[in-house]
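Each chain carries a letter (A, B, C, D and E) given by its place in the written order, and its residues are counted from 1.
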Amino acid sequence: MRLECSGLNFAYPESETMVIQDLWFAMDGPGFHAVFGPSGVGKTSFAKLLANYRDRPELPIQTSGIGTILYSYNLERLPGWSSTGRHLDRICPADRQDLKKELIDIFQLGPVLGARFSQLSMGQQNRMNLIRYLLQDFDLLILDESLANVDEKLRQAILLAVKELFSHKMFLYISHNLMEVARFCKDILVLTEPSREKPSKIVSGQDDTRISVLEKPSLDRIMLEVMSAF
Amino acid sequence: MRLECSGLNFAYPESETMVIQDLWFAMDGPGFHAVFGPSGVGKTSFAKLLANYRDRPELPIQTSGIGTILYSYNLERLPGWSSTGRHLDRICPADRQDLKKELIDIFQLGPVLGARFSQLSMGQQNRMNLIRYLLQDFDLLILDESLANVDEKLRQAILLAVKELFSHKMFLYISHNLMEVARFCKDILVLTEPSREKPSKIVSGQDDTRISVLEKPSLDRIMLEVMSAF
Amino acid sequence: PDSRAEQISLNYRLKWLFNTSVAGDIFAMEKGFFAAAGLDVTIKEGSPEKDAIKELELGYADFGVASADQVIRALDKGADVVVLAQIFQTNPMQWIYRDDQLQITRLSDLQGCRMGITYGGNDETIMKTLLAKAGLTLRDVQVTGVRFDFTPFLKNRVTLWPVYRNSQGVILAGQLAREGESVRFFNPADFGVDFVANSVVTSGKMAADHPDRVRQFLSALLDAWEAAMDPANQKQVLAAVKRYDKGTQGEVQKAQLDATRDLVKPRPDTAVGRIRPKAWAQTEAIMLAQGMIKQPVHVTSRLRDLASFQ
Amino acid sequence: MLFRRIYQFMIVYAVFLAILLVVKKGLSLSDYVIPGLSLILETAVQMSAGFFTDVMDTLSVAILGQGISIFLAFFVGILGRKSSWAGSMIRVTAYNIQAYPIVALAPIIFILLGDGFLSRLLIAAMICYFPLLLSVLGVMAAPVEDIEHFYIATGRMRWQLEVKIRAFENLSKLTTVIAGSATLAMAGTIVAEFIAANAGIGYSIRIALYQSDLAAILTALFMIGIVISVYQGILETLGEMVKAKWGSENKGVLL
Amino acid sequence: MLFRRIYQFMIVYAVFLAILLVVKKGLSLSDYVIPGLSLILETAVQMSAGFFTDVMDTLSVAILGQGISIFLAFFVGILGRKSSWAGSMIRVTAYNIQAYPIVALAPIIFILLGDGFLSRLLIAAMICYFPLLLSVLGVMAAPVEDIEHFYIATGRMRWQLEVKIRAFENLSKLTTVIAGSATLAMAGTIVAEFIAANAGIGYSIRIALYQSDLAAILTALFMIGIVISVYQGILETLGEMVKAKWGSENKGVLL
């Protein structure tokens, strides 16, 4: 599995300023990778481009071993006409019932399966949405702040569980929580604003697989490296 | 300034489970206070009740020295018919032009004032929305994940600046970032689920006023205290 | 009195659209009959939703054309209307039928006929009267409601269809003739039902307060009608009508004019506009009998011919 | 609420009547132009029972016609929601048919369908469906990205689902329009009866019109108004129930 | 797009004509029931110039009427959007007026306003405004909480702002309905002309109907269709421009 970008440029139509300028990077293998950077740097834009890159053959994005790419984000909603539990049932392939149950447990959504989506708290909405995607066929799943409104403890539990359950899949995790990114991700693509001179680059994360007592020195080093990248 | 709650109970109509049960607490004085707790515990519900408590005289909520209460949240949008800059101009009282300029600087929104709201990144939208509230008359402003999609560095800078600029106002900060809450807030109301036996309680935060080299031990102690509260 | 400044402006509301059956009205306007009388008359077309008698009262019109039943109904409800002239000596409301299907020689021939009736219309009143004369009621015939178009008749689903003899009647006869079918008209007057049709009316107030104006208007109008009905003027009349009724073909209009002449001036010595009190009395009697008015309105006392304004 | 609708209608009607009577007095018009109150009351007493039956007759056709309209509007709206060639073709057809005054189409309808119940129903439905169609098109053509994204991305999107999502998200708009279209169905049926029928209140109105009987027309309008108010009120209540049950939009309970 | 509209209309019309001719052949109806192609063409050649002028005349009134309808719909929609007593009263009034067939109201309108241009315009607007109203009510009654919250909380909400927010958020629905209502305005004007018998294509249709001249009616329908297609196309293009300029909804550019 490989994701490569060789000189990607992007600007929104009707806008002169480049959002992404001359982006070069490569990411290899399954696991949790991250896209990180300050607010407004272009993470969402990049993620959407990537999710639809096959429709835009002019883009210098290449993949190998990656079939289906899914993009999820934190503002998605489930339809309101039936309970969230029934929606999950409906979109869950027959052979993944066990996975569904397991995920519901991990995501702590059991008690709210009977509620409509609009009756969930924001964090519950985030989690409910993400479960849907995890039950689908995909090779690369982009999580654009998909868990932004979940508390840290639960989020970490979810991240670790997903890493374990889907160890053969590739994830692109977009989050503003530096510590989390540094700790749980493999390759961290740190985007910088085109106006700064520094090019975007990849920093290696700690890729933890369990909640260990913090290895502070090494984590601090990664976090420092990420922060000094922009 | 005092905010007090003596035995608040709340359940959504048509739902049997209590969201808030027998909540007792008091918060004093201006500054940054926090409401913290796991996803789905009832932070948003509590905040909305508080924002409208005057319309529901049956609620056991009392305030003193608090006139206007405003509630802001991260999904709010600005109308789309003109640029965000023009919207800010329109809702900014004439005597707060300087404050507006200062806030725009601190919030790093200068470059996107010409854009429509729908063209902003999520973090930019969060910030743009919050600025509006800060320009209004208020005594207590509730920030319900209002900066959830902003990067940590900028968010901290914003928090510190707001604390300084609005030192005589009261804030209720709802966030899932424990470190931030522990570091920058005064009183932290930690909500617990009614099903657990532990009652909600107030933990004192560090109330930093600048980004210091981390005073790790004391911060760790607060974080531990908060986490063990639920 | 030719100078425009001294002309009196008047509105004249017709019963229906401009077509050959108002040839005299059009001729009066086109050939300057009104102008010569010092009048500036605006002629307006009518429709079922508009009612000349109402407009007289509201002041939207000074003169108008109304059917006899309208006049009688209006009198019944206290309207102040007088009749100045009876344009049609024979009611143009007649029934068309294909002559290979039916022969109406006696009213009893109507029994069992499939016929069109405009509910609430004049033709319903007339047909009921005819049937009553033959000892029948509407239940002894098969009635189809009449609407804006003629499909039921054209598709041969009814035998008798009410038309205005001198306008639609001519058109339908022509259309059927082209397909080799010939038609006849069933004329109620032939069977003793003399129901008055369109008349020129004005308000009693106008008649009382401005007899001169009424006289000027009426004599100009009747002169125009006389001229229009004169076969010698046929070409001019048709040209004038054509200007207002562009949709109808020339030869149709010619046939319509002939039919109109028969109804307006059945004999060369009939004066156009002659009011026949007996017919009016019969009309009122019919309406009273059918409960359309509650008590006699003495319509004959509201008839004022030109002579009464001399 | 139903009750409120009825007395509100009474107020509206009374105001309307009062204006007419003031005009009558002001211009001292005869009963022929504007009937006096006593004549109206007399006519009402005489006619109202018959007119009530007529209105109920009309209403029954209107309800059927409205049903057909709703079906038709959704059918065309769903087919025509895409900006593709076919979608645009369907819209052009639907729009054009509307632009033709029904009186001009009536002869053709009668030729094709005869002048029985079917024509009457078709005319009623044709008058009623178009406004519904406009709303349905508006709703169906606007994507709800936050919800649809998942289904599109995972290849699960079917037209039924798309329609369901968009309808659901605009439930209150659609129920407003559907409840409101009841009056259109009623008007459509009356027009159809006016053109060609020998039953229903439209037919009675035509007779009154031919006989210049404004008092009868006013009585008919009153009857229509009452019945429409009740029908509309029932529809609105139904709409609220649908929203409450299907929608369960508790979002704004607190805020 | 404009071009497409026109030839799509041509196709629709041709299909419609073909059906009529097939019916004619099938039931071997004579020319006076359904005119043959040659008669239609002959009539078309003869009439089309005159009819075109008539349609343009009608269109000019329709445009004015549509303008008034839009104004009226927003006026009533904005006043009636609240679920308060007054709002409900306004809705009851608006709905009731619609339920009355225009033919029943026409005599009253003529009594109150005379039979000039004003009555014709009023009738056209009355027919056109109601469907617009339904949509406007639907849009205006649905709060946009995410946007409105700030203004309500800070006491800045004015009705103008509320209306602006809701209109803007539903811009594409509103432009669909407004562009679509063009055909309603046209139909309304034609009906008004039909009743008021004055000028325009409605008047010509009444004459043709009176003369049972189906060929002329078909010609008129053709003219109406062409002109409507062009007008509608222009409105839609305008709508797109408004959306592009005012809306600038670039949200979904990438997704």
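Keep this in mind: a residue touches a chain if its C-beta (ideal position, glycine included) is under 8 Å from a C-beta of that chain, and two chains touch if they have at least 3 such contacts.
Values in this document were obtained by computation on a predicted structure and should not be read as measured data.
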item: Set of chains adjacent to chain B and to chain D; value: A, E
item: Between C-D and A-D, the pair with more C-beta contacts; value: C-D
item: Whole-Å separation of chain centres (CA-atom averages), chain A against chain B; value: 26
item: Geometric centre distance via CA averages, chain E-chain D, whole Å; value: 16
item: Computed distance of Cα centres, chain C from chain B, in Å; value: 84
item: CA centroid of chain C to CA centroid of chain D, Å; value: 38
item: Where chain D touches two or more other chains, by residue; value: 33, 103, 107, 111, 149, 206, 209, 212, 250-251, 255
item: Multi-partner residues of chain B (each touching 2 or more other chains); value: 12, 45, 51, 71, 75, 119
item: Overlap residues in chain C, where contacts from two or more other chains coincide; value: 49, 51, 54, 58, 148-149, 151, 155
item: Residues of chain E defined as touching chain B within the complex; value: 146-147, 149-150, 153-154, 156, 164-165, 168-169, 246-251
item: Chain E - residues contacting chain C, complex; value: 29-33, 47, 50, 103, 106-107, 110-111, 114-115, 195-198, 204, 206-213, 216
item: Footprint of chain B on chain A - complex, ascending; value: 12, 15, 17, 37-45, 74-75, 111-112, 115, 119-124, 126-127, 145, 148-155, 176-179, 227
item: Touching residues (chain side chain C, partner chain E) in the complex; value: 17, 44-47, 49-51, 54, 58, 60, 148-151, 154-155, 167-168, 171-172, 175-176, 178-179, 245-248
item: In the complex with chain D, residue positions of chain C that touch it; value: 48-49, 51, 53-54, 57-58, 70, 73-74, 76-80, 118-121, 143-145, 147-149, 151-152, 155, 292
